[in-house]
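Each structure below appears as structure tokens.
The two complexes that follow have chain A in common; it is paired with chain B in the first and with chain C in the second.
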Partner chain A sequence: MVGLSVGEQHFLKGGIAQDLRADGRKRLTYRPIYVETGVIPQANGSARVKIGGTDVIASVKAEIGRPSSLQPDKGKVAVFIDCSPTAEPTFGGRGGEELSSELALALQKCLLGGKSGAGAGIDLSSLLIKEGRVCWDLYIDGLVISSDGNLLDALSAAIKAALTNTAIPKVQVSAEMADDEQPEIDISDEEYQQFDTSSVPVIITLTKVGAHYIVDATAEEESQMSSAVSISVNRVGHICGLTKRGGSGLDPSVILDMISVAKHLSESLMNKLDSEISAAEACEDEDLLKCKRAGTLLTRLISFLYSIVSGSLFKVKKHNKLHEDCDILGGEMRIEVMRSAKI
Partner chain B sequence: MVMRKLQLRLNQTQKVRFERAMERLQSPGNSVIVTESIPVNHEDAFLKGHGTSEVGGELLATVCGVVDRVDKLVYVRTLRARYKPEVHDIVVSRVIEVAQSHWRVELNFSQDGVLKLSSMNISDAVQKRRTSVDELNMRNIFVEDDVVCAEVGSFQRDGSLQLQARSHKYGKLDKGQLLKVDPYLVKRSNNHFHYIESLGIDLILGRNGFIWVGEHVQVRDPMAVDDEMISSYTYNTRKGQSHTPFETRQSILRIGNAIRVLSNLGFTVTLEVIMETVNLSNTKNIDIHDMLGSEFHVLIAENEAKRRSA
Partner chain C sequence: MEYVNPEGLRLDGRRFSEMRQIVAEIGVVSKADGSALFEMGNTKVIAAVYGPREIQNKSQQKIDRALVLCEYSMAHFSTGDRRRQKNDRRSTELSLVIRQTMEACILTELMPHSQIDIFLQVLQADGGTRSACINAATLALADAGIPMRDLAVSCSAGYLNSTPLLDLNYVEDSAGGADVTVGILPKLDKVTLLQMDAKLPMETFETVFALASEGCKAIAERIREVLLENTKQLEYRRGAA
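The block that comes next holds the complex of A and B.
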């Protein structure tokens, strides 16, 4: 983080007070958002979102697992975030851990709701295969490649896009087994079901600088903040989660005002995101079609290698399914490439 | 000119227009990639400069860039390199550290620059010896993170870079914003300090790629008294300071965004080009934030192509 001189700080705060920020935006204007889906073909779903200088990738991997005994009728979802040292040198080693866990917790709370599963953005019962025995485990990984403020909003947008891009294979449970045995399951290679993301919320972060608050702060603006409130709103306009960061306290009326502003902004943001995501998916389909027409294994190999390179950005972690997949290259390569082309 | 990859979403017509403009701007045969052979007449004696190496009788490029020839020297100039300082260059820098009798500044060079207290002209024209009182008061002049404009003085024997700020046009910059572009986009010219009278804005093009755009500050009277100088740098004045007037702020932001657009497109940044860009945005009634959009980028690319062919 580069520091700002007193004069520059004054200029920044003055701009926010006059509703004219450093790049000409108004207080409640977002930077242009770019979405790319399907960036990691080995994952079930992936997306890359760029908001100004902030660049994040989210991926979704689905694995067969056993539902927890407390909630036998629901699948499981886990969210992990990694801040790469390419974003900030301070993120190297253990530097980014605090920020990563804070982001992961905020995202988990807003996507999955409470302990009982109430208010979850993702319908966990749709992940169930056989009650009490087999379910899908979703591992959502986020990677911050470049950080220029507003990480939480970018990550939530990337996760929403990745979930829209996710295709979970259809599963057929074979003949009834005894209660204590694992049933045989047949994972289809051909048929997939798209994930329903209409109820996934988006996060809007409002940063308070001086006496005003702004949306989509850059890293410089964030360095001048007194506090920030991140509100996750779903399509219906319900608040799914709320997080407050920053040292200074806020009057309750300010928080209520922020909530109403966030609700108002969420509509336009949702619509913008949805149109970007569908444009990105259309782009991706076009690319795949071109691949098919080219007809060679080579082009698919190249896209696969690209995904390996982007996959190698992930550190090795216990729950990081992407890296494991990269390790299993060898004999499964060809099959994986065929599958990813979704013939 | 090597084509850059733009991080913008262009629709079909915009893509076509952009590519057409870029084609007209490409200088043929000048740019090389690694291991490409540099066309050179082997009969003339030539000197192999940076970024070249002779392999098997041919001269190959070892870096990606543009081939430059100066008399008999043939070398490859890379584009995204760090700033390479030359004496008497004007640079804009940020203070990183306040050390004993000097400040360490960051200049986008491989090393930090050093601004000695004795190279600063605090008071009147008469150079006086720096006393220990001056050393203790260093923090009253520049603190960490301050933006300072200076001139490259000399290279020390150990390779470090000395800066000097002897004239009154150098010194601390505030009431504005600092922009960063690639150093090769700021070419050496007669004047790097521009005062745009119609807008009341100071524009300083640092050769290290740091550009300062801010409210106009009157150059201080060289005959002013010592104490006044020192006290004017203290922070008490900050609290009572008014904000930049709205019109000036708009102009500062327009110029800032114009510089960002030019930097994205890889065009050389000079006062004429910047003012042309700003005037174009004004005549087309483009909102300040929309200047960073794809339509404006395409417009500027076309404009530049027209300007160069004219």
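The block that comes next holds the complex of A and C.
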């Protein structure tokens, strides 16, 4: 990023002091948030979140695994973040690794709680299939496509949306096996269980510039920050995690004040996110219905043949099967689906 | 395994010379100088171009032309099974191949002592990723206003069940038949990229190559339309139209 001149720095700081930021927002106003779900058809759940110029994609993939011996009654969740060099040339090669691991760690802490598993935002026991033997491994992957500040908030919103969109197939454990043998499992293609994401927290980052703090800082504002505190709050208003970044020291009373501001903001942010997510999910379902209605007998026959072939080669998620079938028609159908899915 | 059924329909219902649905969009990464999203069926690629800008590594500087750097990366969720090492050999090879293709078509002599970065991010991989990357890179370079000799376009074709097939998807690609990737400069009618794996008899190769070139020309038409539409939008916003 090109550096800011002294004049530009004064402009930014002065604006923030007067509660009028460079893009006209007040100190505690978020940029418009756009949410799109189901963007990665081959994942179990996915979402794309745009906050101003920041664009991130989160995907959730579920794979069959073995629970850890320390916690045999829980499934496993792992969070990985990748900063794409498209967001910033410095992320090329190994440049983005530091930021990626910092973001991944912060998100992991806020979603999964402590080492013992207490205080997790996701109910890990719902991922269990057979105690001590088989469980679901959830891999949450985040990708930063475009970065204009406030990555942590965008990523946590994307993960929350992706988890809401996630559908994990129902599993039947067949036959009782001896303790040291792998049990046979039957993964259903038809039935799915949705995730309960009401206790998944969101992260609110407050950036201190001069003597005031702002929410949802752009990249330019972040370059002028003295320190930033990221607080993860859940629906009930409990703090699920806290991270302070930046070299400058903060008075403890300031931190307490920031926490109360974050709690106050979290309510409106959660409601906004929930409404955006349900709008996005409704949009997705509508597109599937449109495809269904316009489909002809020939299309159904072709899609039936396709599903037989592809069902044996790789898992076709039922939720988006019709979406894929629409590609067979090509032409207007696909464009129509794409247009109505774009926000 | 039957990839082309007796009626001539492939696994996804296409005919042998039918390409997958193309979606092309410009300006998806606001921060980059130029960016584009290119989709061929289920293969989705984002290209971002930063440049021409000051050279970052003085030792790599070229006195009479611009330095073109390219990086290809796949997202963790881009393939069916979640394995993705960042600097594996395939990514390095693809970065090199795409860099050479784009370098041939950029007028690098006009921008000495500078550097042009092309970053490619694969969001979904369903066969034909290198073709989608080259097409996306061309759009992104045009969006960045970087002078080029021609639009570099690319398409792949294969040969399965004794039929040449245009634009293979992942299933057809992994079938074990030949896979020919062609990159051409359509107006100049020159080939900038030609890669093939497996083996083909000479006449069959010529047929498959001709089919891929036809596909390239169709993509070039599409790219030209998108760029024209984009320019009209810009004119409208400026109030000139």
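In the analysis below, the second predicted complex is superposed on the first by the 294 of 343 C-alpha atoms of A that agree within 3 Å, B and C clash if a C-alpha of one lies under 4 Å from a C-alpha of the other, contacts with A are read in each partner's own complex, and residues count from 1 in each chain.
The rule we apply is simple: a contact is a pair of C-beta atoms (placed from the backbone, for glycine too) under 8 Å apart; a residue touches a chain by one contact, two chains touch by 3 or more.
Quick caveat: nothing in here was measured; it's all calculated off a predicted structure.
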Chain B versus chain C as contact partner of A:S5, first or second or both or neither: first
Touching partner for A:L105 - first (chain B), second (chain C), both, neither: neither
Partner chain(s) touched by A:A282 [first = chain B, second = chain C, both, neither]: neither
Chain A: partner with more touched residues, chain B or chain C: C
First (chain B), second (chain C), both or neither touched by A:I187: neither
Touching partner for A:P41 - first (chain B), second (chain C), both, neither: second
First (chain B), second (chain C), both or neither touched by A:A78: neither
Contacts on chain A seen with chain B and repeated with chain C across the two complexes: none
Of chain B, residues touching chain A in the complex: 7, 9, 94, 143-147, 172-178, 214, 235, 238, 241, 243-244, 246, 249-250, 253-254, 256-257, 260, 287-293
Chain A-facing residues of chain C, complex: 9, 11-14, 18, 20-21, 23, 28-32, 35, 41-42, 46-48, 50, 69, 71, 73, 75-77, 80, 82, 86-87, 117, 119-121, 123-124, 171
Residue ranges of chain A in contact with chain B within the complex: 2-8, 10-12, 14-15, 17-18, 20, 22-26, 29, 32, 34, 50
Chain A residues within the chain C interface of the complex: 40-43, 46, 53, 55, 57, 59, 61, 63, 80, 82, 84-89, 92-94, 139, 141, 143, 145-148, 219, 302, 306, 309-310, 313-315, 324, 327-328, 330-331, 334-335, 338
